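Order as written gives the chain letters A, B, C and D; numbering starts at 1 within each chain.
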Amino acid sequence: MGRRKSRFLRKPVEPFVVEPGLTADAVLERMERVSFQGRNLGTARRIWERMLGSECTIFLGAAGALSAGGMRLLIAHLIEKRYIDCLVSTGANLYHDLHETRGRRHFIGSPTLDDAALAAERIDRVYDTLASEDEFCKNDEWIAAFALKLERRPYTTREFLNRLGQQLWDDTGHRGILTAAYRANVPIFCPAIADSSIGMGLSQARHRDRTAGVIDVIGDIIESANVVIRKPLTATIVLGGGTPKNFINQASVQAEFFDDRVGGHKYAIQIVTDVPHFGGASGSSLEEAQSWGKLSIESEKVSVHADVTIALPMILSALETLCPELAKRRKRPEFDPSGRVMVMNGQPLADNHFQEP
Amino acid sequence: MGRRKSRFLRKPVEPFVVEPGLTADAVLERMERVSFQGRNLGTARRIWERMLGSECTIFLGAAGALSAGGMRLLIAHLIEKRYIDCLVSTGANLYHDLHETRGRRHFIGSPTLDDAALAAERIDRVYDTLASEDEFCKNDEWIAAFALKLERRPYTTREFLNRLGQQLWDDTGHRGILTAAYRANVPIFCPAIADSSIGMGLSQARHRDRTAGVIDVIGDIIESANVVIRKPLTATIVLGGGTPKNFINQASVQAEFFDDRVGGHKYAIQIVTDVPHFGGASGSSLEEAQSWGKLSIESEKVSVHADVTIALPMILSALETLCPELAKRRKRPEFDPSGRVMVMNGQPLADNHFQEP
Amino acid sequence: MGRRKSRFLRKPVEPFVVEPGLTADAVLERMERVSFQGRNLGTARRIWERMLGSECTIFLGAAGALSAGGMRLLIAHLIEKRYIDCLVSTGANLYHDLHETRGRRHFIGSPTLDDAALAAERIDRVYDTLASEDEFCKNDEWIAAFALKLERRPYTTREFLNRLGQQLWDDTGHRGILTAAYRANVPIFCPAIADSSIGMGLSQARHRDRTAGVIDVIGDIIESANVVIRKPLTATIVLGGGTPKNFINQASVQAEFFDDRVGGHKYAIQIVTDVPHFGGASGSSLEEAQSWGKLSIESEKVSVHADVTIALPMILSALETLCPELAKRRKRPEFDPSGRVMVMNGQPLADNHFQEP
Amino acid sequence: MGRRKSRFLRKPVEPFVVEPGLTADAVLERMERVSFQGRNLGTARRIWERMLGSECTIFLGAAGALSAGGMRLLIAHLIEKRYIDCLVSTGANLYHDLHETRGRRHFIGSPTLDDAALAAERIDRVYDTLASEDEFCKNDEWIAAFALKLERRPYTTREFLNRLGQQLWDDTGHRGILTAAYRANVPIFCPAIADSSIGMGLSQARHRDRTAGVIDVIGDIIESANVVIRKPLTATIVLGGGTPKNFINQASVQAEFFDDRVGGHKYAIQIVTDVPHFGGASGSSLEEAQSWGKLSIESEKVSVHADVTIALPMILSALETLCPELAKRRKRPEFDPSGRVMVMNGQPLADNHFQEP
């Protein structure tokens, strides 16, 4: 038998056995013993549970059209129940979240619709999903109007987005990513805010008042690194790659310049559809990240090659069944992201210098 | 509001809401209202249910390392509970099924293992999954020995594989794809049998007896088309693409030459990871298939871009919860695939001429 | 400086410098010093040259819609100038070659055409390429008529396709894959012939005469392994993956059972767009192939992740500039693939038993 | 014949015919008549030529590890010879360009290297390419030192990067992206500068002087839209997707709010490896962009699914052979990107309000 022959042949694949009424967590548990991306998806659930059981700070990166695609209340849930501690997002995900929090909707369409016909009706398409451009314009104006209420000074995206969440909550009382983060005191960073409709809204504020709409993205770099320096046990969960993936890794690399205790994230999950062999960052492997010190050599890690709209509902359904108590009880960092200077675990966290350990 | 403005903006995306204890079917039901591949996965479950509720003949195509990867008992289940009526498979999936039905295992490995070390220990790797080459050699011998017991005449793969399933069942009494198909009278076609270890086993039978191991793959083409001619209401479910995908479509196209009632499959699900834009058949769109008449223009259809090891456990867990009765009660074709001439619904089905309607 | 610090940092990337009039070989030479798939494409050209400079037998596997997509005269050229020695192809590539050799054409279309409109005009679409279904039907009849002229006995695909090439040449005098292989005495294997329109043509011959259209795909397995046993220094070039990829590897694995000198292919190039992480054979890595003994541990090898319609014209343009003499002079195997029993280097090559070395 | 039968079957695929000595432009010309991505690559070359022959402003977006991967002198060449007018880049591409312009190198590695060993030697891996982390740290310091020399006021990335290019040129006299853009007066925007090592360098300047490193990314949004308002005939060429792809489209969408003459880019080429069906922006189709008005409904456009390290050397080699005169003579916009306020065609271009037409 193979088992005797080789150290490599120890743990057999267990063929998936189906039963009526299987819950998502049971499905994922069985998937862990099959192969390929099913195994990785099951493993992702387990590593996330390990994160929750440690005392690490959990970063979540969100890229791709997750909010337009129906994932925004899952991310809100992750924030509210503190399955994560800090969100790094593309602007688009926050913008499409704001759109729905403000009571607008995205609509079910198809990738084969006639785009000239859509353009004629001022409907914007995101693959198989549609939205009204006129409603988008009103969002932009809403953002511009909000930005004009702020002080005329630079805001990190973290501070700006906290205020934006507050305003949204005050206006609507609706759940969403921005409002959940505001209410749960979870900081959001948006390193590429200039490449989004939130940036466009800010530029329209500037258009109306030439001193408005000043965003300090360099301050975000410092703050995010200081989050790691303050508590070097960290985890990264990446949905879709993009700028959030790199920004979370950069925080660790930058922190390490100033603090030898930092040695890369200790846990890593990435759910991506891009591939490594074209050299881009979105598809880069977690092993590659270890060469840079972005991840610890000893990190527990898994890449899941799957669409987030399949993987995230599965994983979160399982987590919500298996470990809500763990999420509630865990020793997590506490933030106050509402001020010009963020507070972490009761201490201010500079945005203008790296803190020595 | 968007709803009034445009016919395109009718049905909103419903953000996925998580709860503890969600079953797979509930997860898929919610996924149907999100976007991208989550929506498609949910839709696939629904279309499969529609197939079960119609009187169609359901073909399942199985390509990719599904058996090595832990999917074989799901496919066996689909056969036993008659969620499908006819299997078209790569040889590899049947071979790795036989391997486990004979009591051997595949093992959990990793894509980053040292292949030279594996080769030195005679361990074969399939991405993150391992198996013993020596055990494979014994399978080959077992297949050769079995083939030598057969009559010295051509066998379609359908007949050969039915006999192989019978022998496996007699020897082992174990569930698997081949044994389930034998017991449930579900025919299996394997158009690329020469490109597999089952073919290698047959070639070793030929080596021992120069008149052994004669396979009639052209007869398979005729039989599969006759299955469609006998009952032109058909459905196709494709896992992974490959030769099974085209063979199932070819059956419909070939049938149409002889029977005007045939107008392409009426339902189609494909779960693939390949993409259309390089022109290969595995990734080709279901729309493209309509130009050929492989699918009816009116067919209900969905492509799910996901790994089968994620998608199939999810869909089948949902089906097993929602519609076991539907599967049991449905008007399905009845086969006797054990003889030289297959019988369908009580009538013989030629392997040497296309049957006029 | 990095050079002194580490053994890893020896050979710098040379940024590509553009000039007017660069020939394909010059472009590929410069690409070898960049990164990612450009480097791999350049390396593929070099390894192919190494194959030509050795005395190996070069297998070419051709999958994907290469003939419909305008690659058929490149493959014919590879055969005529003996850049390769033995072709393993999908049926579709041979069928679409036959279509054009018979004077029909494929046409420039678009992936966004209306497939219902195409179906109404009996036009078949392959991504962005179109063809007339009525012309395809006439091909099928032509193949059936040809098959009816053959003896009523089993033919390996190798023998059948050689005869088919001869008939095509006699009828048309046109260059193409089948006619070039016939004229250059290059054997073609088609392990999945039952999954193609050539198989459909054969089935129509059977329909007219129930003793016609008998194909012996198991004989192909033995012949292809015997090609390796006869001369164990072999190379594999795979375009697109699919059944040809595995069949070429299988020939080496099967040969090794009977001949210890065989230790896997010594050179390997694959040009694929599929990826490894879903476990399928088309995308599997060349390293994985080493664990199976399909490739030698010491093999020179490269995977190029690129569409064949880009990569093959580039590589062949470079080879044709740099090494036509090398191709002409090289010590290559000589085949006579026209008989029931193939002849290699003057000796018959059995199709009913593996030859001891 | 097909030609008479259908309006769809007009223009046949021309099989690629190889000859010795083919130049890149001849290869691409022949590729235009084949299928799939070969056709698209050939078409991209032609559309680029059309851009050069019109009076449009050509934006180039550069994402992916292009500079590390050996593409930086091609991009420099595009700038110097004005095949493009305005660059939008990720920070990484500018950073790795700076690394080499400063005399450091990237090195040829392999994706299967041991990342723990690399980490131990402080070597960073980008798929198959390596670099020294210590050298990277010195770059960061160099950037920080440079930033400390600047005035204590906000800089758009456009102004900052122009100054950075100037400093680099003064220090080194070496060609590269940043130095070429400085010398050719081509503006560079970097919307996600905070997600890059250039951002890290800026943050280190801030660490040393708390008033340093202030970047105004909102100003970039306004400037880039004003470039479009000033001259609404525009073209986009996207390498790899990412933030540059969206930023270029956003410039057109934002401009249209203020100027009805703007109707989306008139020409579009994208060379991407990502796919549309997961909903992310990098892989989104050019048709989808039309629904948003990012591209004109009448735009000439092509997506090439290929690695930039293959596609760009090919296209640029062809352009450099066929149309250097066209590039030289064309009516192009003239920028002075060196000041706090950019000048375009002799007129200042505001960064704090959108200009009415």
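As a convention for this text, a contact is a pair of C-beta atoms (placed from the backbone, for glycine too) under 8 Å apart; a residue touches a chain by one contact, two chains touch by 3 or more.
Since the model is a prediction, treat every value here as computed from it, not as a measurement.
Trainee: I need the common contact partners of chain A and chain B, sorted by label.
Mentor: C, D
Trainee: What's the farthest chain from chain C if centres are computed as the mean of the Cα atoms?
Mentor: For chain C, the chain whose C-alpha mean is farthest off is A.
Trainee: State, to the nearest whole Å, the distance from the C-alpha centre of chain C to the C-alpha centre of chain D.
Mentor: The mean C-alpha positions of chain C and chain D differ by 37 Å.
Trainee: Using Cα averages as centroids, what's the distance between chain A and chain D in whole Å?
Mentor: Distance between chain centres: 27 Å.
Trainee: Between chain B and chain D, what is the separation of their C-alpha centroids in Å?
Mentor: The separation of the two C-alpha centroids amounts to 45 Å.
Trainee: Quick one: which residues in chain C touch 2 or more of the other chains?
Mentor: 35-37, 65, 68-69, 113, 118, 123, 126-129, 275, 277-279, 287, 305, 307, 309
Trainee: Between the chains shown, work out who touches whom and classify the graph as line, ring, star, complete or other.
Mentor: Its topology is that of a complete graph.
Trainee: In their shared complex, at which residues does chain C touch chain D?
Mentor: Per the touch definition, chain C meets chain D at residues 2, 5-6, 8-24, 27, 30-31, 33-39, 41, 65, 68-74, 77, 100, 104-109, 112-113, 118, 121, 123, 126-132, 134-135, 287, 305-307, 309-314, 316-317, 320-321, 324.
Trainee: So in the complex, the part of chain C that touches chain A is made up of which residues?
Mentor: 35-37, 275, 277-279, 305
Trainee: Contact residues on chain C for chain B in the complex?
Mentor: 63-65, 68-69, 92, 111, 113, 115-116, 118-119, 123-129, 133, 137, 154, 191-197, 199-200, 202-203, 206-207, 210, 213-222, 225, 240, 242-243, 246-247, 250, 253-254, 257, 273-282, 284-285, 287-288, 290-293, 297, 307-309, 352-354
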